[in-house]
Every structure is written in structure tokens, then in C-alpha cells.
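Next come two complexes, and both contain chain A; in the first it sits with chain B, in the second with chain C.
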Partner chain A sequence: MINRKKIMPYLLVSPYIVHFLLFVSFPVIFSIILTFHKWNIISPMEYTGTANYIKLFSDKTFFKSIGNTLIFLVIHIPLQIIIALFLAEILNQNIKMRRFFRGAFFLPVIVSGVVVSMLWQQLYGFDTGLMNRVLTAVGLDKVGWLIDPKIAMPSIALMATWKNVGLYIILFLVGLQTVPVQYYEAADLEGASHWQKFFRITLPMINPTIFMVLILSTIGGFSLFIEPYIMTGGGPLNSTVSAVLYIYKQGFFYYHMGYAATLGLFFAFIILAVIIIQKKFIEKNN
Partner chain B sequence: MKSLRKILFYLALTISALIFVYPFYWMVIGSVSPESEIGNLTFFPDSLTLSSYSQMFDKIPIGGAFINSIIVSLSITIGVLVFGSMIGYALSKLVFKGRDLIFYIIIFTMTLPFQITLIPQYIIMVKFGWIDTYLALIVPYLVNALSIIMFRQYFKTIPDSLIDASRIDGCNELQIIFRILWPNSLPAIVTIGIITFMASWNEVLWPLIVIRDESLMTMPQLVTLFSVGGRADSQLGVKLASAVMLALPIVLAYLFFQKYFIQSMASTGLKE
Partner chain C sequence: MIKKTFIIICLAFISLLNSCGSGKTTGNKLLYWCSNNTDEINFAKVRTEEWNSGNPAHPVKYQPVPEGRSSEEIILAAVVGNTTPDIYSNMWQGDVEAYAQAGVLVALDTLPGFHDFIYNRCDSAVVEEITSHDGHIYQVPWKINPIMLIYNVNIINDLGLNGPPHTYDQFFDASKKFQKDLNGDGYVDQWFGYSEVLVTWWQRFFDFYPLYLAASGGAPLVKDDKAVFNNVYAVEVFRFLQTLYRRKYFAKEQLSARQDPFLAGVIASRFTGPWEIAHAEKFKPKGFQYEYSTMPVPDGHRGPVYTYGDPKNIVIFKSCKDPVSAWNYVKTLIDKEGDLRLLEITNQLPRRKELESDPFFSSYFSKNPKMKIFAEQSKYVRGTDASPVLKEVFDLISQEYEACVVYGQKSPEQAVKDASDAVDLLFIK
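Showing the complex of A and B:
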């Protein structure tokens, strides 16, 4: 009886231990081993020393894919934070049909990225797409949303913002509701303008939410895959190949398991480095 | 003057809401319009036809994919709830050696980017012979770090006296979890259930890797391959129809449970 009581906690956590050994720790160790091998799964593994690493550092497409991912992040994150904060600030006021508007902004969040990508591929179409129809209707030139190498990645970043901004509106709304009303009342007494209140009270008070949004959207951005996979296949001229899409192609298109594992490991270090830098920056600012 | 400002304000707000909703409406209209009329900036189609849908049903096994998606998402959600509450209970209410270590490992693994384990996890599936089986889609997702942490947090708010009393009444640990804690943790269960179901319903990268057999594909995968492959014969309406089918179940669920969806998603942000 006493023995059973002692074993029980371990029985309860055993699913996690199995999961951890099988799907976390073993894969991490195995992926490090893989980086020193050449393997297509079918023939035996072949030890190649540091060949994968040497290949990686001269792989222009891989560094381009990291660059593309960073371009995506640099456009997506500020845009996302500004739009989400702006709309949250509006929704936080005493407006009519607040639930309806909140629900509308949130709709793209719940829909699969597959649907959103297929939909925007059409909206971005050069000749018949909705975006260019609107532009020509107001007398502007057509834009090569997905066919101009300079614009394709920003277009995807714009779409991703449209898809995710609803989630961040909700997070900001939660943050805004933690700001004590007295602060605004005091500011009103001193005759502060709307913008003064926003920059002097709201912004500093919701700093933690902004940083949370920053980290969440960074992690999300580094996972960019299905959007370019569906919309552009990585083109034009590799301008929308994201790092995950490139790793996917190396692994599951060419079956370069060792090399794909090397890319995955290297990219994971970049992600962790960026997130650690962001966290350090956040701690310094708090 | 003031009322004019108000009207302009609501007009701007309505236009921005339309920007988020209209594309979906356009997609639905496109899927029921004749091929030549798709893409018009319109609110009401001139003529309705379901031919895109009937063609799509002929080309891809979307019904089977729907059932696959249901099986996979439900299995994962049940697994995450059952295992998550067992582990969360042990970590919050029981005292045992190694408890803190396990907790820190869970926290640590949450920061591990999936990009590092993608390739080796695929190889594990190959070695297990799980490629082209439900097992590959379900088993790796049955235990989820975030849900364990959320259950642990929630169970901490439940008084120990409730658990002690049930133990005196003769409940064993599993009975305590599922008969006593579960009915007292409905908000946590709804939240974790919705997040998990949504994430697994929309997951597409992993199915693309481990499933090649069309009869086992989930909806997002089937629709993705239909969209990028040549089988839609560049017929836009057919593609849009498949996208509508993929969006429909989750949008319907959202319309009925909007409040819970928003609350659940908002709480995912609290993990940082």
C-alpha cells in the first residue's frame, strides 16, 4: 500500500517521461549525430565528418532563406504591434457593437493558414486579383504582389499580419484593462490630450504585453512555411523561400537527412539567439 | 459636428472590420459562382451554381479527409486533456523526488524550437513503421508541455482539503483527477480543449511529412496538395470550394462558441 503510494506520482508523470525520451531528447541527440553523416534513409548512414557544416556555410540559398525570414519578421512584427495596439485602443473605448468588431478582427486567427494562403494568392493575383482591381479602380498602377521578387515577401508579411492581428488585439485588450482608470482621470484633470495619455500612461503600462507579443510573433515568424509553400513555392527567384521551407525541401524533397538536420540545428540556434537577445533587451527595459 | 465625427468613426471601424471579413465572403461567393464570374468585386453573385463543389468532390476524397481530421484532432485533444491533467495533478498536488526537475524540463522543452527535432522525429516514424498511419499523426502530439503547465496552474487554485476529503472517502488518484478535479476545472478543460483541437485541426507541416497515402490525409494537407498540385486544372472555383470546406467546420464552431475561442486564445499568450 505504501509502495503503491510512492510509485503513483511516477505512474502519473510517466506519459511525459516517455514523450520526453522519445520525441524530445532522443531526436535532439540523434539530430546532432546526423549532422556528421550523409543519409537518404534507404542506404546505410555514411560518416562524412564536418562536410555538412562546410556545405552549410557556402550554401547561398540557405542564407538567403534566413534573410527572407528576417525580412518577413522585420516587416511583420512592427506592423502587427502598431495595428493591433491601434485597434485594441479603439475597441477598449465605449463603442457600440464591440463584440461584433472584436469577433470580425479575430475571424482570420481561427481559420487555417492553408485557407488564408489560398485566398490571398487569389487576392494578390496580378490581372484579376481583388487588390489590383481596387488599385486600378482608384486610378493607381497594378502591383506585382507575388511576382515581383522585391515585393513578394513583404506581401506575405502583410497577409500574415492580417491573419494574426486579431489574436494580438485580444492580448492588448487584456493588457489595456489592467491599466488603472485613476491614472487617466488624473491626467484628465491636468488637461492631458488623448495622445499624451496614450504615450505617457498607456504605452508604459502595457510594455509587458508588447514584449509578449514581440516574442510570440518572433517564434511564429521563424516557423513561416505553409504561406510560401502554397502561394509562391518559394519564388520568384527564391525571394520567398523561408528557412523552414528550405529545410523541408532538403529533407523531404531531396532526402538529404544529414544536411537537413544540420540546417535545422543551425537555424534553431539562430532562433534561440534572437529570442535571448530580445529577452535581455526586455529585462534591461523593465 | 460631434455626431458627424461619430458617424465617420463608425464608418472607419466598419470598413476595417470589412477588410477582415469580406475576403472570406468573397471566397464563398467565388466558390458558388460560374468560373467566368469569379473575382468580381461583388456582394451578390449574378448566378449561383454548385458545380465547383460537385467537381471538387469528384476529384479529391474530401469527405474521407474530414473524417481523418476529426479522428486525429479528437484523439489528440482527448490525449492532451487526459495526460495533461494527470501530469499537471502530480506536479501540483503530489510530493515526490524529481518533481521540480521534471517541471523545469517541461519549461525548458517549451523553448526548444521544433526545427531541431523535425528531421529526427520523421526518422523515428520511419523506423517505427508509422509512416502512412494515424499513429504518426496522433502519438507525437498526445503530450503537450503548455497544457501540462496550464493544468498545473489551475489545479493549484483548487484547495487541498477537497482532495484530502475525497481520499478519505476512498477515491484513488485517478478517481480524484477525473471525478473530483475535472468537474471543478471546466474553464481550464475548455481552454486547453479548444486550443489543442484548433492547433491539430489546422496542422499541416507534419501531415505533409508523414502521410503520402491520400486516403489517410487530413483536410489541410489534402487541400494544400490539391491547391499546389495540378489536379484543380487551374480552375479557381474548385480550389475555392475546397478552401471553403476546410474553413467551414472551425468557422461554424467559432460562431457558436466565440466567447470561449477568444478567451482560450488570449490565455495562450500568458505562457511567457
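Showing the complex of A and C:
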């Protein structure tokens, strides 16, 4: 006799279990197996031992792509946190049209990354782009926003900041609104300046939010793909090839599935290491 | 209650599996995937209806290749999912070797009447070009779109030139005369030519590769699993293009995002195919005149000027249960009548020997004189080398092209050598 009470919970969670096994566990295990094989999808898999790992450590373009991703993160994350916090602080005041500005800053977040990338590609155009038209109108030289290898990645970081900052403004707003008003009132009685209140009260109180934003934007930054894929294709001179774009290219352009899986696994460990370091650093500072 | 829930889950799962089944037609109908552009769908419709009325015992169903980012990806997905059609008519020649080596294509030379048909249609150089590493032939050459130099006739006349530039020196001379800073801001606003600076592998079909074929008389890039392009021709082509960018005769910026720069007179020429004719005829401003010419060649070049033909071929997949009938259908699809229909309906050239001189096609070419230029060029086109890693070969060349030609960071000799060395590494077992 089947005990209904015992079986029912398992039956109810079974869709998730099936989904987890099919779409999470299986791909991860299969990817790890793939790292020891050569496979182009249409031919049978060929066991190659550690050849993919050996190839990885001599692949200059892959390490360049990791370097490019780090350059992106170094520009994008501080810029994003500073701008988002600054705007959140303003939008937390009782200013006119506060709701409109909150909505306006959030708008790019819900627009497709492909659309935003194509839009900014036009803005960054060397001859006809709005950016260079403004620069030449005020007597400055044109900038090769997407065609100068030294400037292309910072240009993408700037665009990504514009696109994502709205989300982090909302997160910081939530953080700011959890700071008890009494602290500011007490500081006012002590004659504290605005900056003193910001650095001594606001920042320490929203530390958990900063940590969350840091983690989210780091993970988001590491998965940089759409922007270089659409705007530059990884060029010029591979200066905007992100790690994910390079892995994608290996997998779905060359169909080097085994090698792409190896790169993916290696890159996952890099992300894990960076997140652990960030966590330790923040915990130490706290 | 539990039993009912269990049965519902099972039924849902079964119907899900069922919906993931093959897209093949049932019965004895052969499935033919054509390209999904309107003209080619019309062509497939006309020819298939004719076939079906004459061959009711072996009916064929035509269907445009399903929508996707590219037809190449759709075919790959179909091969992986075992949902390939019986016949596919838009296979890029460079893809065939990989599929042949994967064992998913029918060796057409094993089918009755293939050799007679192929030698009647193509000359021996083309047959050699489409022969795979294992000595079999898995594709039928169908159509080509040769890359040539389109130029603005009015601009050439205004510059006082006797005609379009045929050699590198003539090209430089014309470029120097046409290049101009129109608004005095210190930046060039009109260039003699333009080619996409994107590093995407297939962009080299419109600059490096046709120029290399023109300079070398149709030499291969790879042969017997080895790079064979580290030669004077590739170096000359790299130097020619590098000079064009260094002297700002070609724009580095992407011009494709704005109004057609050729029709707007911002550029005087570009390397392109016959598809440009329909576009130009539709959108050209009043008084605008354009013509086509062969690709520029190094000074002192002798002999015919080759170019890249962008060949699309027909294959039969091994999943086909009746390859003989499929082959008979293909033979009818691209017989002389079929090739004439291809010209008339799609304005694309069949890859057929003596096309320009065959009286059967003369009425079409007299009505479409610009297509006649391409038909004359079709004697001197090359497709791609038979290699399963051709995309990687072009990608590696493209990387060096960008570093050398566009950004001048390497000498042409070094860039060609580096590309050649990198390609050789691809073939190490």
C-alpha cells in the first residue's frame, strides 16, 4: 500500500528535480567529461586526455581575453558603484520629479542589451557618431571610440555602466532607506557636515548593499558578451574579446566543444577565486 | 489521485518527446530544402512542381531552410538532431569537407550517371576543386556570385581616368585623386573604396581572398593539410591593402550603418557581387552610372584575372532513403532549363562551363548586360579549398589582416608568415 502522505512531497518536487538533473547536473558533468575529448558535434567524440588543458596554458588569446575582461571590470565596477551611489543619494532626497528620474534611470536596464549595443555603436561612430560630433563642435579631435584598440574596451565599459546603473541605483536606494533617521539627527546635533554623515554613517550602514552590488556587478562583468559581440566583434586587434566571447567562439564558431568546455571550467574557477577574495576583503574591512 | 497525477505527467512527457521528433516528411516524398530568400523559394516552387507533374512516383516536397541566424547553423543543428532533409541546395562549398568527413553526405560519384553529368556541366578544374580528400565527390556545383570591382562611372570620368583601375598603381592613382576632406575638418570624407574592417572570417571573401586569387591566378590557400599561401602574392595583396588604409584611401570606420556610401558617392568603388545590381537599380539616384570590372592585380600581372565565386552547391544527405531518385531530381533541377530559370528568377549565375557563349542563355544576357560581365568572369572563378577547418583558416588570416592591413602593426611579410604558421598548427594531429 503506497503511503500517499510520504509520496506526495516527492511527486510535487519531482518537476524541479527533473529540471535540475537535465539542465544543471547533466550539462556540468557532461562539460567536465568533454574537457578530456575532442568533439565537433557532427563527428564522434575522440578521447584526448589532458591535451585541452595543455593547449589552454599556451593560448595567448585566451589569457588576453581574461586580461580584457579584467580591464573591463576595473573600469566598470568602480564607475558603476560611484555613479549609482551618487545618484541614489540624490534620488533619496526630497527632490522634484523624483519618481520620474527613478523610472528614467531604470529604463536602460529593461531594454535589450542588443538594442542598447546597436544604439551606442551609432553614438560611437567615428565620422557620423554623436559623440564625435559633439567633440568636433567644441574644437576637440575625434576619438576612435570603437576603432582604437586602447579606447575600445573603456568605451564598452562606459556603455555597460549606462545600461546597468539603474539597477544598482534601486539597490542602493533600498540600502539607504534602511539607515535609521535617528543616526542622522544625532549627527546633526553634534554639528556633523554632510560629508561626515555620508562617510561615518551612510557608508558603514550600507556596507552589505555595497558588497551585494560588488558581487552582482563582478559576476555580471565576468559574463561580458553581448556588447563586444555586437559592437566590435572582439576587435580591434582582439582588444575587446572578453573571456565569454572567446569561449563562445571556440564552441559555436569553431565547434571545438572539448576545448570550449575546458576554457569554461577554468574560467569558472577564476570567477570563484575572485568572489572568494572579494568576500574575504569585505569581511576583513567589516 | 496519485495515479491520475502520475498518468498526466507521463502523458505530458510523452507528448513532449513526440513534439521533438524529426521534421522529415512521411511516405515516399523526398524533402528538399532550398534557401529562404523569396527568389530562390520561387525557383524551387517552379522546378519542383514541374518535376512532380512528370514524376508522380517520386514526388518531392520543397521547403525553405528553417529560419535561423544562418543557414549553416540550421544545417548543423539538423545534422546533430538527425532531422536533415534529403536534398539541400545552398551548401557553402567550404562546409562540405567537414560534413563529408563526418559521414553524413552521400558520395554522389557512386550514383549512376554522375560522372557524365558533372563533366558535361563543369570543366576538370572545377571537378578537381570539389573532390574531397577521400577522392569522392559529395557536392554538385550549382551557383556562383563572383566578387568584382563595382565602380561609379561618373566619378571615373570626372577624375579624367581612361577607365576603372586594373592594377594596384592605377588604383592608388585613382584613390589619390578622389580622396577629399570636404568640410575642412582635417578628416577624409570621401574614399575611393571601402571594405569592412571587421575581423569576421567571411569578410575576407570581399577583400583579401578575391585579391589573392586575382594576383596568384587562382592559387589555393591550403593543400594537403598545409598552408600554401606564404608567397609573394599574399604579401603583395597585404601590402596593397595596407597602403590603402595607411594613406586613408579606404575608411577604417564602418560605413555600412549609414546610407549606402556607394550610391551616395562617398566611395567610388567597392568589391562586391552581382546582388548589388538589383539594389543599385532600385535605389540609385538619377543620372548615377555604375559598371563592374575585374579585381585589381599587381602591376605587371599576366594572364586571366581570377576571383572568388562564393559557390553554393547541392548535397544529398545520407539520411535520404532514395538517393537515386534524389539525384535524378537534382539533375533536373539544374539542367540547362533549370539554370536558365535560376538566372531569370534569381539573377544568380549557375556554375556551368561556357555559360557566356552558350546560345541557350544568350537572350537572358542580352536583356541583362551587367550579368554578362559576371558570366564572362565565371570562367575564372575559384571556390574554396577542400578542408574541414576552412573557417579557422580564414579566421587566422583575418586576425593577421587586421593587425597588418588595418592597423599597420606588422609588415606584410611577417603577417602572412604568422598566418601561415598558425594555419599549419591546425593540421597537427
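Criterion: the second predicted complex is superposed on the first by the 284 of 286 C-alpha atoms of A that agree within 3 Å, B and C clash if a C-alpha of one lies under 4 Å from a C-alpha of the other, contacts with A are read in each partner's own complex, and residues count from 1 in each chain.
Rule of thumb we're sticking to: a contact is a pair of C-beta atoms (placed from the backbone, for glycine too) under 8 Å apart; a residue touches a chain by one contact, two chains touch by 3 or more.
Note that the structure is a prediction, hence the values are computed from the model and not measured.
Taking chain B and chain C in turn and counting the residues of chain A each one touches, the greater count comes from B. Of the two partner chains, both chain B and chain C are touched by A:Met8. In the superposition on chain A, contact is made by A:Tyr254 with chain C only, not with chain B. Using the contact criterion defined above for the overlaid structures, shared-chain residue A:Leu237 touches chain C, although it does not reach chain B. With both structures placed on the common chain, the touch criterion links A:Phe126 to chain C but leaves chain B unconnected.
Of the two partner chains placed around the shared chain by superposition, chain C is the only one that A:Ile147 touches, whereas chain B remains out of contact.
Shared-chain residue A:Phe281: touches no atom of chain B or chain C.
When the two complexes are overlaid on their common chain A, residue A:Thr136 makes contact with chain C while staying clear of chain B.
In the overlay built on the shared chain, the residue A:Ser43 is in contact with chain C alone; chain B does not reach it. When both complexes are aligned on chain A by C-alpha atoms, chain A residues 8, 41, 121-122, 125, 128, 233 touch chain B in the first and chain C in the second. Chain C contributes residues 1-2, 5-6, 9, 76, 79-80, 98-99, 101-104, 185, 187, 189, 197-200, 251-254, 257-258, 391-392, 395, 399, 402-403, 406-407, 409 to its touches with chain A in the complex.
Across the interface of their complex, chain A is touched by residues 10, 13, 16-17, 19-21, 23-24, 26-27, 30, 39, 41, 83, 86-87, 89-91, 94-96, 99, 102, 105-106, 109, 111-124, 126, 140, 142-143, 148, 173, 198, 201-202, 204-205, 208-209, 220, 223-224, 227-228, 236, 239-240, 243, 246-247, 250-251, 254, 258, 261-262, 265-266, 269, 272 of chain B. Chain A meets chain C in the complex at residues 2, 4, 7-8, 11, 14, 40-43, 121-122, 125-128, 136, 142, 144, 147, 149, 233-238, 253-255.
Residue ranges of chain A in contact with chain B, taken from their complex: 6, 8-10, 12-13, 15-20, 22-24, 26-28, 30-31, 34, 41, 87, 90, 95-96, 99-115, 118-123, 125, 128-130, 133-134, 137, 162, 166-167, 170-171, 173-174, 211-213, 215-216, 219, 222-223, 225-226, 229-230, 233, 243-244, 247-248, 251-252, 257, 260-261, 264-265, 267-268, 271-272, 275.
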